[in-house]
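Before anything else, here is the set of structures, which you'll find just below.
You will see chain A twice below: alongside chain B first, and alongside chain C after that.
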Partner chain A sequence: MLRRVPWPLLVFAAALFVPALGSRFYTFVANDIVIWALFATSLNLLVGYTGLVSFGHAAYFGIGAYTTGILMKKAGLAFLLAFPAAGLVTATFALVFGFFCVRLTRIYFAMLTLAFAQIVWAICFKWNEVTGGEQGMPEIPYPDFDWVERVSGILPFLGGYRTSEYFYFVTVVLVAACFWILRRIVGSPFGRMLTTIRENPERAEFIGVNVRRYELAAFVLAGTFAGLAGGLFGIFNRGVFPDFAYWTKSAEVLIMTLLGGMGTFFGPGVGAVALILLNQQIVSYTEYWPLILGTILVVLLFAFPGGIAGTAQGFARWIGRRLGRA
Partner chain B sequence: MPDPSFIFAQSLSGLTAAMYLFLIASGLSLIFGVLRVLNFAHGSFYMLGAYGAYQLVQWLGTGHGRFWWATLGAALGVAILGGLVERLLFRYLYGKEELYQLLFTYALVLILSDVAKIFWGTQQKSVSRPPGLTGSFSLFGTTVPYYNLFILLLSPAIALGFWFVLRRTRAGRFIRAAALDRETLGALGVNVDRLYLGVFMLGSFLGGLGGALVTPVKSIVPGMDTEMIVEAFIVVVIGGLGSFWGTFLGALIYGQVLSFGILFVPRFSIFSVFALMAAVLIIRPWGLLGKPLK
Partner chain C sequence: MLEVRDLRRSFDGFMAVAGVSLTVPQGSISAIIGPNGAGKTTLFNLITGHLKPDSGQVMFKGREVTGIPPHDLCRLGMGRSFQRTNIFPKLTVFQNVQAAFLCHRGRGWNLFAPVERLYLEETEALLDSVGLLAKAGEVSGFLSHGNQKQLELGIALALEPEILLLDEPTAGMSGAETRETIQLIERLARERSLTLLFTEHDMEVVFSIAQRITVLHQGRVIADGEPAEVRRHPDVRRVYLGEKHDR
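Entry: the complex of A and B
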């Protein structure tokens, strides 16, 4: 019964209504959540579905952010071109880095992804002329929304919002499109093969699958979507900074993915919602957010390793069994 | 071409940095070698060693010999903390996925960094050099502080002592055996749980000791933990995860690359060490002196 409800569409529609609530702050938080949800979901393709633990996923987020940032601020390029460029540039980097990474397994894979991410960070941190160095690149312009005012003569319901709210709408639509594509990927034979590789790489090899090539494809896809998320985040954040690519950022997005539930499609999105809302709540009481986050993480690892989605699924099954018996 | 005395000074400073790094990274490498876990919290143990030494110096004063008691106390305190963490929490993750172990150690990083902030604030702290080692002398036109000389001698001495324990004592044989095959060692009647505890404490001790000894030359600031753990990772990856002499070699290479990188390509010296780490992982993932993991 509950399965018939088109949950993703409902969430999408609800997300579009947030600015109508009239609070700038809500829109801000929702925008943050939407972008991070895409970032975490992209990582899930790698960690949850393919079983490759990357400790350098922030590199691609950072590359995407710097790409749109540089193109829009320094080259004055339109968002319509700068956003796909983020995906393209990130995919190229992910292809080169991934080519080497998928040759390694387990801890060495994690270490090499970390090393590449730190290389990206070091370049962003020091290459002052291009990236702004340690200071980063503030004042990334918003996309141009003047056309909306012109169109709103014909379609009045479009007009009357702030630029940041227009950008929020754009973000929601783009992220929804990305989610749709990712969902298709995960459900495709290709996606099923990734899960097979996670469960048993030797067996996948035996049935004639080129495991490395599949892993590389997953790596590039995950990197690309992280890059798109980064491209949106740079604009949303009104600035791009080197710590977007620092290793602690990679750890943060891993935590988000784990909190939501690894290997379930919408889990990481749920993780983004939970973690960012919690952060907003807690930061107003105390400055010791890392302490709280660390504690949550410990509890999660010991008590709920399936994350929110995994635990909810288990609970639903338990209820189902109860009802079935009665 | 810079003059020779300058090159000498650079390589000496690289060597000093390498000796600190070796102390700290050897603890990380030891824990990895036996427990097969990369401990992100090792940098936090290093930071707590530094804050601990600072605190003990505040309490004990700066009189003769006080610094050494503070150093030893801080390192022991960190070892006990490491032991508690292993005993109460970490051991329940041994059979679990690698990712859970990594994230658990990262949770410790988050928690301990805030604990340090709660106790010591965000102002930077410093400790003065211990009496008797405050001066410096001149060597080939370079000023060398006595304290640096002391570190240059102490670190290899600890390394040798450590190597002796691993190679020549019963406990050392057990540790090496545990690194190879935990089950068989347990079946032979060795208490592997206690051995793991001991190894974790010893590794934490080395991290804490490194942190305590670095206080006279570096100021103690929040963020020193996440910075150090990345450096220690580079060192153990270059040398070979779990390899003792590899860690030593990795530290030497890291120190020289960084200090000469600053000399010749100042902007990209950090870049060069990460590139080195990536290159080693690509060409020889198990490191220069390590053995491939089975």
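Entry: the complex of A and C
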């Protein structure tokens, strides 16, 4: 019964409805969540599906953000070009870094991803002429939404929103498209090959899987989608800063993935929702947010190793069995 | 079909395989036996590309395949099973075998087709022939040891090998399970006209199905030939078969 409900479509529709609530703050938080959900889901392609734990996923988020930011602010390029460019540039970097990373396994792999991320961060921090250095790059322009005003003569329901809200709609649609693509990928034969690598790389090699090459492909894909998320985030944040690529961002996205549950496709998205909402709530009560977060994580890792989504799924199955028996 | 020439491999000065040569003719059932530590598994790993030999050659279907990676070897038609059961534990029985089909038939790089619709019939037919069809939906990690071995055989067969290397196919099985497994392997080999090379510690099994036996001891071949010959060989009796098997 619960299975037949088109949950992703419902969530998508609900997300589009947020600006209609009329609160700028809600739209802001929702926009933050949507972008982080994509970022976390891209990481899950590596962590959850391929079994590769990356400690440096923020590098690709940062590269994407800088690419879109520089192209739109300094080169005056349209968002329509600057956004895919974020994906392309990030994919290139992920290909080069990944080439070396997939040659290592486990903790060595994780450490090398971290090392590359710190290199990216250091470059963003120091290269004043291009990245704005320590100060970052404020005032990234919003995409041009004048056309909406023109179209709204014919389609009146489109008009009347703020620019930030138009950008929110664009974000929701683009992220939904990325989610759709990622969903197809993990449900494809390619996705299944990644799962065999996670489960047993030695055996995978002996059903004919070129493990390193598949790992590299997963690395590039994960990087690309992180880059796209970063491209959106730079504009949303009205500025791009070196700490986008800093290791704390990598940790944050990894925590989201674990919190939500890396065993399910939508788990990391759930994790993004949970972590950002918790953050908003707790910060207004106490300044010890990291302490609370740490405690929550400890409880979670021991009590609910499947994360929020994994636990919910188990619970739904349990209910289903009870109903089936009755 | 398969020829090994003077293969050597040492680990930190210990000669695990010290110059082994053997030939496996097409369509034959051959066994490698030897006491623990004789180098059987190392030899297997050298043949299947898991390890690189220090020297020597492996010829498969007339071409040299020494040291080429397993994923290429298995595309050429060499399948193997492992001594310690080696499956994808969190996938279902069906998914295990299906994954092998997907990869072997070159669909692995397909990023968009829904995987639930591919190779359904092939997978079911193969599960049926290894006797696991009734358990297709179960998570493979929870199967009994014997069933997992059957599954491993299924995975190997999905790759449509010409030669199948089985590393102790009945390891850890009860007497009844062992007999069933051996019958299964024999039947599958006949149906698919497979060449078989296996290692085994159960002498009954070896002498019941093998046409050729190679005896390894301390990394060297000490006897090689038909079962009757090998059984009579004085060195074999001394180092391996011992009094217990001297019936």
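FYI, the second predicted complex is superposed on the first by the 319 of 326 C-alpha atoms of A that agree within 3 Å, B and C clash if a C-alpha of one lies under 4 Å from a C-alpha of the other, contacts with A are read in each partner's own complex, and residues count from 1 in each chain.
We take it that a contact is a pair of C-beta atoms (placed from the backbone, for glycine too) under 8 Å apart; a residue touches a chain by one contact, two chains touch by 3 or more.
Everything numeric in this text was worked out from a predicted model, so none of it was measured.
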item: Which superposed partner A:Ile107 touches (first chain B, second chain C, both, neither); value: first
item: Partner chain(s) touched by A:Gln118 [first = chain B, second = chain C, both, neither]; value: first
item: Touched partner set for A:Arg203, first chain B, second chain C, both or neither; value: second
item: Partner chain(s) touched by A:Val270 [first = chain B, second = chain C, both, neither]; value: neither
item: Partner with the higher number of touched chain A residues, chain C or chain B; value: B
item: Touched partner set for A:Arg192, first chain B, second chain C, both or neither; value: second
item: Partner chain(s) touched by A:Val298 [first = chain B, second = chain C, both, neither]; value: first
item: Touched partner set for A:Lys126, first chain B, second chain C, both or neither; value: first
item: Overlap of the chain B and chain C footprints on chain A, listed as residue numbers; value: none
item: Contact set on chain A toward chain B in their complex; value: 47, 53, 55, 100, 103-104, 106-108, 110-112, 114-116, 118-119, 122-123, 125-127, 247-248, 251, 254-255, 258, 288, 290-291, 293-295, 297-298, 301-302, 305
item: In the complex with chain A, residue positions of chain C that touch it; value: 48, 50, 69-71, 74-75, 79-80, 82, 86-91, 95, 98-100, 102-104, 107-116, 118, 155, 158-159
item: Chain A partner contacts - residues on chain B that touch it in the complex; value: 38, 40, 89, 92-93, 96, 98-100, 102-104, 106-111, 113-115, 117-118, 226, 230, 233-234, 237, 241, 267-268, 270-271, 274-275, 277-278, 281-282, 285-286, 293
item: Residue ranges of chain A touching chain C (in the complex, touch as defined); value: 184-185, 187-193, 195-196, 199-200, 202-211, 214, 217
